[in-house]
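Here is the structure we will look at, set down as structure tokens.
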Amino acid sequence: MIQVTAKILEKEEVAPDHYRLALDAPLISKDASPGQFIHVNITSQYMPLLRRPFSIHRITPFGIEILFRIVGTGTKLLSEKRQGDELDIIGPLGHGFSIKNNAFTAILVAGGVGVAPLFALAERLRQFTEVRILIGSKTKTGVICLEKFEALGIDVQVATDDGSLGIKGVATDLLEDFLATSASPQLPIYGCGPMPMLRILSEIAHLYSSPCQISLEANMACGVGACLGCVAKIANPHSPSHFEYKRVCVDGPVFDAREILWR
Amino acid sequence: MIQVTAKILEKEEVAPDHYRLALDAPLISKDASPGQFIHVNITSQYMPLLRRPFSIHRITPFGIEILFRIVGTGTKLLSEKRQGDELDIIGPLGHGFSIKNNAFTAILVAGGVGVAPLFALAERLRQFTEVRILIGSKTKTGVICLEKFEALGIDVQVATDDGSLGIKGVATDLLEDFLATSASPQLPIYGCGPMPMLRILSEIAHLYSSPCQISLEANMACGVGACLGCVAKIANPHSPSHFEYKRVCVDGPVFDAREILWR
Amino acid sequence: MQTIEPDISVNIGKLKLKNPVLCASGCFGYGQEYAELVDLSMLGGIILKGITLKERHGNPMPRIVETSAGMLNSVGLQNMGLSRFLREKLPLLSNIPTNVIANICGETPEEYATIAKELSNKDSIAALEINISCPNVSHGGMLFGQDMMLTFEVVNLVRKQTSLPLIVKLSPNVTDIASIARAAVDGGADAVSLINTLLGMAMNIKTKKPRLANITGGLSGPAIKPVALRMVWEVCKAINVPVIGQGGIMTWEDSLEFLLVGATAVCIGTANFVNPKASMEIVQGIKDYMKQHKMIELKAIRM
Amino acid sequence: MQTIEPDISVNIGKLKLKNPVLCASGCFGYGQEYAELVDLSMLGGIILKGITLKERHGNPMPRIVETSAGMLNSVGLQNMGLSRFLREKLPLLSNIPTNVIANICGETPEEYATIAKELSNKDSIAALEINISCPNVSHGGMLFGQDMMLTFEVVNLVRKQTSLPLIVKLSPNVTDIASIARAAVDGGADAVSLINTLLGMAMNIKTKKPRLANITGGLSGPAIKPVALRMVWEVCKAINVPVIGQGGIMTWEDSLEFLLVGATAVCIGTANFVNPKASMEIVQGIKDYMKQHKMIELKAIRM
């Protein structure tokens, strides 16, 4: 974990309101693993005040890439940065995906901009296993990185709410279909996307006894475990109340889906 | 007085840290007179929160120009705007210079970026009288608009604190020299610049019984006379305390030097 | 489909406002100052700059300093005093095409009462707002609004002098705003408005002097909105008269937050300086929001 | 010319800090969290996350929401409780190369006293900060720090249990902070620190629900600096023990404002989140400022 000033090497508008930034940060990339994130200072003007967390989208020898969608002031300002501008970033942060080298096909399930960390994960996993990704989005323009996954030789399936690309439905529909017809049991599942999707994903994984890791989001302040602002409710049999609040920024953002208490 | 969104037609760095912006605002320019100002909203991010006042530097049929120096966050952000960007401005505001058509030579005295309103004034005055301008600045790079005044056929004299251009001294030294040697009495004086300079200017004008108008500065909030945040201490023989606080934004920014109570 | 024009009128005591948006005292002069920039007829009403019994010069300069997403002011209640107000300003108010509310401030309960009485039979004044963030000279400078008994006392005395709708403007510089609000209602307030500014300060590290000549001043603007909203929420739970919310409202979304927690109306203060059109945009924003959500009455907004 | 290295050490009771910059409670975990980003040995000290007698889960999510130039938090004092702290965290503290101050919080005066006693003979704890912005369960949820008598009582009881330097952390949600500070000093405080967060709130207009699961939370960051500075100034005039100033300090210039009005030291809270290097930069900034102005002692800064 270090704090560095990283130059923006590349900026690309990958889809309407979606941007990819490649950052010059070799000292971060050398320690980074899929599922981790960086914490970005967007402005020195105190508006917005706090850093913004973004998953590591790609790890290269020169640095890292992030992929983000404009949802508010911070991401809007970030989208206005230009190639050559510098960003004050901290990373790599958090506990990423646990990657076990096993023979099974890995299934990645992405909702919207949830593909961001899954690309770094796919690049890692495909070195030793078959990877499939199921991408869900509201509509066709929100399906991002499709060609990039295909270029890695990864099988991509798509679901959109309006049926404008792939099946009409959501990513977890694709997952259920796949698991129902798949011969091999207990395929490892990796998910990232909005909370309601992750919840359904966890239930499906539970039903098929598949190990399932999901990357959570939470409003963050420090990003390093100091403020306790970003917790998730996690099962803890040793606690009298059977739960504890764990920090998404250091104990996650990737958690075992079975641990999460959804209410 | 209107609030308009004005496009930046031209942007010029006239000297280090000094910028001139030409704004597309015909509805403001048609009512504007020298010594008035506009109130500029620099960002919608609340940092800085308040508008910034800038004197009208030139009045053209297409709009107005402002000339400013970077001194803090607001002027820094303003200097980063580009040609084609739009600014939310209010103007023309305030009580400008009273221009009486008399035969005497008009003497303009500027300290630093205080030349800004005096250029619009000079363009107006030269239509019927001889104009001279005395410009003071810390050093040569801060002496701005020199050629522009000369191009109008106006006699320019310069004083710099370090003697890097013109005489070594301040603008009011030039004024004293001039008045001491001038044959014509009671020449009208118009001044704009830092408060200590304006104070000395007023004393000199008093000594030579010259009518003297000066443009004051004050921190402003509303700019339209509503908040009472921008007052100057003005003599008022009818008040029991012999003074009242008048609003720089509407009762000024130009005041008769004799009215101002300097303590 | 035909959309019904939503009814966004509200009542403050017996005063009916065509919409819940008022311009705040001290931030809108006497109305005329903004008349060229704002269509005053679009507003629910305007609250005048505070009036005192005697003329006040106000504080020396600087009176204003910017802070992070806020501003400090120490105008010091500069105003021409009651009698000049009646002579010079009152006649102009009849031209203002919306409700005009006078804001009054005194050094003793009796001063409040005197001003209230004088303003009570004037056609162009629709209601009174009494600003209790004023030091009580006979109590060592403590503000009326910092004490339940003093609040009750001054409101009660004013109540006896006027049948105009009476709004009591609360100071946020207190431990328990709800109890002060209750005291105001007990004293006879038809409504309360809050928050006035938070007491603050800023230093100039170059001169080593306070940035305001008066040392301290009142903090307003977006910076204070979370504190304002919390206090409005607390007061709405505590009393049964209309609450006028304010403090850092810049947009219609901000105003909705106050309406959601129970405010009947909102005041726009510092926002006028930043964007004179703010109050009009807020009226329009509330209307549009209601149309979009098919609400026909303002109280449908509440949480 | 040779420049003398200025002496910026300060004393808080019998505790000597090598410089006046502390990291604030709740904003710096137990120190280790920031150890890879901050050279802890450069700091005057760190104040630990608040410790309660029993373990606390804290509040549900969301716990954090941004506001204009500020943030609201409602962590709800999540911590592992005293006994797990002693077992799991205390042993790690001896590795921290600066002064470690424990921050304690209780539901009754006795709870404070118990925690204070337990922490008093531990080598790695240099001082105690008692957070009196905690609800007193036996007084209907009023905060200890909102009442002079309660403040005196809790400080006095803790004082009897410890000979460590005792810092009392004041709540700003009060009418008269100076009188609370006096009560703390009367109770035996060696220093006071202020301000804790201002109570605030934010609404989500889409869901019509409060943005924080806990409804209200504590406002911190640049937005509150003017209020913090004013209160620090008031308290510095009222008492004769060291005052630790905080609230919105982001830069060395901000910290200087607090030192100018009389603070002996400063705490850096929210700034750590924005820029983990803030505390180090502030130490350096103060040193550079003093060198530039040829000051050799910190108190030369005062106004």
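As written, the chains take the letters A, B, C and D, and residue 1 is the first residue of each chain.
Just so we're on the same page, a residue touches a chain if its C-beta (ideal position, glycine included) is under 8 Å from a C-beta of that chain, and two chains touch if they have at least 3 such contacts.
Keep in mind that this is a model prediction, so the values were computed, not measured.
Enquirer: Strictly by the touch rule at the top, which chains does subunit A share as contacts with subunit D?
Expert: Output, common partners of subunit A and subunit D: B, C.
Enquirer: What chain lies farthest away from subunit D once each centre is taken as the mean of the Cα atoms?
Expert: That would be chain B.
Enquirer: Where the centres are mean C-alpha positions, what is the separation of subunit B from subunit D, in Å?
Expert: Here the centre of subunit D sits 48 Å away from the centre of subunit B.
Enquirer: Taking each chain's centre as its mean C-alpha position, how far apart are subunit A and subunit B in Å?
Expert: 56
Enquirer: Averaging over Cα atoms per chain, report the distance between subunit B and subunit C in Å.
Expert: 36
Enquirer: Please set out, as single numbers or ranges, the residues of subunit A touching at least two other chains.
Expert: 46-47 - these are the residues of subunit A that touch more than one other chain.
Enquirer: What positions in subunit C touch 2 or more of the other chains?
Expert: 68-70, 221-222
Enquirer: How would one label the connectivity among the chains shown: line, ring, star, complete, or other?
Expert: Chain contacts: complete, every pair touches.
Enquirer: Subunit D touches which residues of subunit B in the complex?
Expert: 46-47
Enquirer: Enumerate the contact residues on subunit C facing subunit B in the complex.
Expert: 26-29, 33-34, 36-37, 49, 57-58, 60-66, 68-71, 73, 75, 78, 221-222, 250, 270, 272-277
Enquirer: Which of the residues in subunit C end up touching subunit A in this complex?
Expert: 68-69
Enquirer: Enumerate the contact residues on subunit A facing subunit D in the complex.
Expert: 1-3, 41, 46-51, 88, 90, 218-233, 241, 243-245, 250
Enquirer: Mind listing the subunit D positions that touch subunit C in their complex?
Expert: Subunit D residues touching subunit C: 67-70, 72, 146, 173-176, 198-203, 205, 208-209, 215-216, 219, 221-227, 229-230, 233, 248, 253, 256-257, 260-261, 303.
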